[in-house]
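We just call them A, B, C and D in the order they show up, numbering each chain from 1.
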Amino acid sequence: MTILKNRLFWPAVILVALLVVNMFTSNQFITVRDGHLFGTLPDILRGSAPLLLVALGMTLVIATGGIDLSVGSVMAISGAVACLLISDLGNQNSVGSVLLIIGVAIVVSLVLGLWNGALVAAVGIQPIIATLILMVAGRGVAQLITDGQIINVQSSPYATIATGFFLAMPVAFLIAVGAVVLTVLLTRRTALGLLLESVGGSPTASRLAGIRSRRITVMTYVVSGGLAGLAGLIYSANIKSADSISAGNLIELDAILAVVIGGTALIGGRFSIAGTVIGALLIQTLGVTVVAVGVPSKATLLFKAVIVVALCLSQSATFRQKVFGRIKPRPATAVRAEVPA
Amino acid sequence: MGEPSPVLEMTGIRKVFPGVVALDGVDFRLFPGEIHALMGENGAGKSTLIKVLTGVYDIDGGDITLGGAAVRFTGPLQSQKAGVSTVYQEVNLCTNLSVAENIFIGREPRRLGRIQWGLMRKRAAELLARLDLNLDVSASLDTYSLAIQQMVAIARAVDVSARVLILDEPTSSLDASEVEQLFKVMRRLKEEGVAILFVSHFLDQVYEVSDRLTVLRNGKLIGEYKTAELPQVQLVEKMIGKELAVLDDLENKAQRTRAKTAEAAPILSATGLGRTGAIAPFDLTINAGEVVGLAGLLGSGRTELARLLFGADRADSGTLQIDGKDVTLRSPQAAMKHGIAFSSENRRTEGILGELTVRENIILALQASRGWTRPIPRRKQDELVDKYIKALQIRPADPEREVRMLSGGNQQKVLLARWLITEPRLLIIDEPTRGIDVGAKAEIQKLVAELSDGGVAVLFVSAELEEVLRLSHKIEVLRDRRLVEELENTEGVDADRIMQTIASGATS
Amino acid sequence: MTTVDMTPATNKSNSPTNPRRRVYLPNTKYIPILATLTLLLIMYFTGVANYRNFGQPSVVVNLFRDNAVLLVVAVGMTFVIITGGIDLSVGAVISMTTTLTATLLAGGWPPLVVLPLVLLLGALLGAGMGAVIHFFKVEPFIATLAGLFLARGIALFINQNSIPIRDKLWKSLSEYRIVLADGVVTKVTSVTAVVVVLIAAAVLAWTRFGRNVYAVGGNADSALLMGLPVGRTKIAVYTLSGFCAALGGVLFSINSTSGWALQGQGLELDAIAACVIGGVLLTGGSGYVFGSLLGVMVYGLIQTIITFQGDLNAAWTRIIIGLLLFGFIVLQRVVTRRAK
Amino acid sequence: GSKDDSTGSGSGDGKIVLGFSQVGAESGWRTANTKSIQDSAKAAGIELKFADAQGKQENQITAIRSFITQKVDVIAFSPVVTSGWDAVLKEAKDAGIPVILTDRAVDSQDTSLYVTFLGSDFIEEGKKAGQWLVDQYKGKTGPVSIVELQGTTGAAPAIDRQKGFADTIAADPNLKIVKSQTGDFTRAQGKTVMETFLQSTPKIDVLYAHNDDMGLGAIEAIEAAGKKPGTDIKIITVDAVKDGMTALSEGKINYIVECSPLLGPQLMDVVKQVKSGGSPEKRILTKETTFTQEQAKTELPNRQY
């Protein structure tokens, strides 16, 4: 009964349902081949890594009542930077320098996040616009870096972060999981989570309770930037090239959707990382399912629409009440008359 | 008067919230032309009864008849249409709209569907004038203090010609004079045959206006009585279900004898501190173990003064010394570093965080001062929280309940607890007893007394002058947002004396 | 029916401004708009100073013609945002409208049937989303995102190709030139847009519905306790937004005598941005249609400058847009702060 | 308004001013196309007013109108969509500015609205791809299952390349498109979709991708699945960008239909011709060919994009 009430119950159900569908459509849902997991499920897990990372950062930003539209562009930039530097390497396979370059790309993304945070917290611009600036300009910068072309790299260590396997598990997914665990620890093992929710709940009250709202806000944007950067690296490593034009294009929408599906309200306050994870996996699985069951491209959006509608209705307690029978008696007709149409 | 048929009758009302039975088989009658007080401790179910009646919550059981017909409202809109006009607890207005709009929205004067702004402002101004308020009615409501906002809410409610008028703790932050204005209006309406339901924790007020009262305890009906026939003491017993020792024990300690603070160095001393448009430059010193009370009419600038000392607003003139060292308080954190705590009068927008649990709300300030990297161990949290839930009798005593689900008074207690666990050296409390029931109020007053005996300095702001007099060693009188006089709270200093100062505005 | 918490979490209407601004300054509420207007003018004259032919009146006139659609959509969006909501479906509704219009007209339906039909459809979709948001307490973001998928899905399903409109009425509408002065002509679309703006501004300022919109945005729970028709208002604004989007779609189909399922992609973001630039608070409760108008103008002017600059490739186009936006917003902030 | 003479904003020196409105920068192909036009304009001494429409028709219409306002000498543009240009083209015509279409056609009935259309024919490209496949399997029996990676749903190239291909392979009943899904013209999507194709389809013989990028993405997926692209699965793509050609020469792709972005030089010639009163024919097909693996090896060295 209580589990039915849980906001995450229905998203989880839909996720499982979609996975089951894939079980039937796919040749191998999950098997072990030459020493690592292979099949649809591993593909989904690996493919979901970038979205997971981005949505994770988005969760924190949204918890403070903000929003980060720039994630896609940050992905593009970090990917571009990494591939540009790697392609200049003498030996693209030297693990050391690749790691260094990855570090550089991440730092760049953190700085970009800092820029967002500064605009929001210090200058006091509404988040949606503050991050819109980087969303627009950032992709331009990425295109400058790659000169509008696609930069190819032949670096196996770099490719590993997306396509490699560790302990039979896809590395990309492990990275995402690691990030999730870290974030959970960061927010729930410290007081950060509480302060975040408080700032998101009411900036005024938080300020009067002596919380350094600005610092916290800035931090969330920095984290979001960093995670987006990481996502960008995985994205580009996955195709062994930097595609500054389509990297992370429109991912902000999916990320926000994942967060909201996960039960975090856009006005800020309470946030649920577990929810976000389910949300992200759900969206990724949905994408795969569409292809697997062979929905014609022209009908793809309708298909998604149906799922999302089902989702948002299933999440509404009121709707469930109305459908699965109400406990309370409907208001007496006496006043119904007084209710204006 | 004889007994005509009640205009409103509620029978066997039941309302269950997850985890609590807020109302359990409550009957309630309201007769035309009477003022009926609804009494009960914090969390007794008063507001819930009102919200159930007006359709904010739907009922789990029971019947409501209004003017003989069975009704069940689907929302305030419907109840209003049916002639039930309500001021809910807490100020429920849209602070982003102008004063005039807040009074008239939903029933603006129109010609051909076009709102007549001029006329609307004129009417609003007149209406407020009748309550002795002259405000700029086209200013947005958030430019006014909470008390003003409360008056506006009242103005809105009394203006509609209703059969039933419901006032849930309308006087919680009003000063004597405003209360008088309100009572005048209530009496007038009563003459006109309006049935008035009135909730207040001020017994004297209840005895002054109400003809009849109904007592609730823990969501159950205790009884309905004619006010004249029920002595205060008995009323209190019925409300809390036991005799209230603390109360009279505090009654007879009228003047507080100053604790051993003779040699105490001033914790805080302000010279010429001020903020243009908010409060004129003032001098003020607060010693350890001293209770300093702020007295003044509403809008006199008490809150503004308090906020300056906490760094909630920045002073733009004067200097502030803490422990003899010059400091400028740029932010609340800065003040908290010096051991200053400030509990705002506006608990709803500046105080509690509704979505967070009682526990989280209570530890918030302490946690903030420690910084996010040093979380308070859960065990420690639970200890502290339990301690204060007991000390302040927060009900329901469930630390994991979301604060917005608590009754108004209990929310206030949570807010106090938040600051008490920071163990401040200077505790600034603005209207700390707003909406708190007699028992708890006495407890809190006792607490303040104990704190000061323990060497904590307290800046005590309250609209209730008696309270200020009872607790303070020293009383600062404000008027028109300037500090006009400082009084040692010795023999001979009483309400009249202070009102006198306020009236004459003797500038020291 | 509706349960109201004792302390609503949605009471953040005034968080960006100092909620404790006790001293009342006359009409500080207009400062953002004035600031925006001033900066807009500055931007315009910089353009005039730097580019040949920028000073021509037609540049300004075309600003309205080229942004007519965005303008109409932004108007609807303004209402939604003031109630504290958001509508992501507008761009998709446009695409649906254009595709449907084109298909029906191609199918020989009489234009005077098609026009009201598509407008009604847009309004209905809006109403649907509004209902879901109000009755089922679904986040506007998800509800309208579903609306987006649905509308564009329908459009793509109807026809993926872009469909030409050969209908006489549409053609004549799109070619009809309204001469303002010699050499300065405008089109039906821009006039429609301006009319819509004026009507909307009036509604927002002078009607009960308009004021309820502000109240709901200021604090929905208080509004409910004040006995305002919160539900009706919410549904109404989404209906309105849906209608405006559909109207935008019609203007679109007139402007480019064609329909296409990918039309108006990302327009929702432009509209939201325009509103916010124009000083509408996403947290709800404050903003003006006129502000959104200015926001759209800023957007349009930036585009114009880009085209007049004329030597920017994709990358630089984006960067310059970003920079201009940045400069504008920051200045706007600074000016507004100073003034207050 | 400034009373400029016919040379319009042409800064006095009679230099030709060309207003060009580009679709956007949705792919490497497009950027190459943009570069080519900008470079060759410089080379030809033509002042280029370039506007990037970011994939939006409204922006493009705006740009063209602004060109009219700026009184450029010639307008050229690659339409985002085929329909809906009559009005703005008419304005250009009224302003006496000749218009040249590049790379994509418009469906205006009144062909006098533009001087010429210079560019490739997407349907033709689809046909070429299909034809090669038909030839490959001529005489062979047994079903051939084909998967298709479409371009962005609703985009002209996607629709036409699908149509041309489908029409042609209809000739051989053995050739069947078993799965077809959009890959948005991008590598990443191409890879993801191909992964799922591989997982959800019993047997894939042929992959037809609407552009090289999607094909290259798909190759990654195929290799990851332990198959050999080009042998286990035959791959046909369109565009012939450098990366594509490399893969082709390495035998990972079997056949590429060229769709050249290097319209610049040709365009400038036409512009000059138009400006000097000449009238080029209504349809100028860009010199485009197709590449097999062998041809690729020889061609690869002199690919500059």
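FYI, a residue touches a chain if its C-beta (ideal position, glycine included) is under 8 Å from a C-beta of that chain, and two chains touch if they have at least 3 such contacts.
Owing to the predicted nature of the structure, the values given are computational and were not obtained by experimental measurement.
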item: More contacts between chains, C-D or A-B; value: C-D
item: Length of the line joining the C-alpha centres of subunit B and subunit C, rounded to whole Å; value: 43
item: Euclidean distance of C-alpha centroids - subunit C vs subunit D, Å; value: 34
item: Subunit B and subunit D: spacing of chain centres that average the CA atoms, whole Å; value: 71
item: Sites on subunit C at which at least two other chains make contact; value: 1, 9, 11, 19, 156, 160, 229, 313-315, 317-318
item: Of all residues in subunit D, the ones touching two or more other chains; value: 25, 31, 34, 153
item: Residues of subunit B touching at least two other chains; value: 55, 58, 74, 312, 349-350, 352, 354-355
item: Inter-chain touch pairs (all); value: A-B, A-C, A-D, B-C, C-D
item: In the complex, subunit B residues that touch subunit A; value: 55, 58, 60, 69-74, 78, 81-82, 310, 312, 331-333, 335-336, 342, 344, 349-356, 360, 363-365, 367-376, 418
item: Subunit D to subunit C touching residues, read off their complex; value: 1-2, 4, 9, 19, 22, 24-25, 31, 34, 38, 48-52, 54-59, 61-63, 65-67, 69-71, 81-88, 90, 107-109, 152-156, 159
item: Residue numbers on subunit A that touch subunit D, as the complex places them; value: 22, 25-28, 33-34, 39-40, 43, 47, 143, 147-150, 152, 163, 235, 238-241, 243, 245-247, 287-288, 290-298, 300
item: Subunit B partner contacts - residues on subunit A that touch it in the complex; value: 189-192, 194-195, 197-198, 201-202, 204-212, 216, 269-270, 328, 331-332, 334-336, 338-339
item: Sites on subunit C touched by subunit D in the complex; value: 52-53, 55-59, 62, 65-66, 69, 102, 156, 160-166, 171, 174-175, 183, 252, 255-266, 303-304, 306-308, 310-315, 317-318
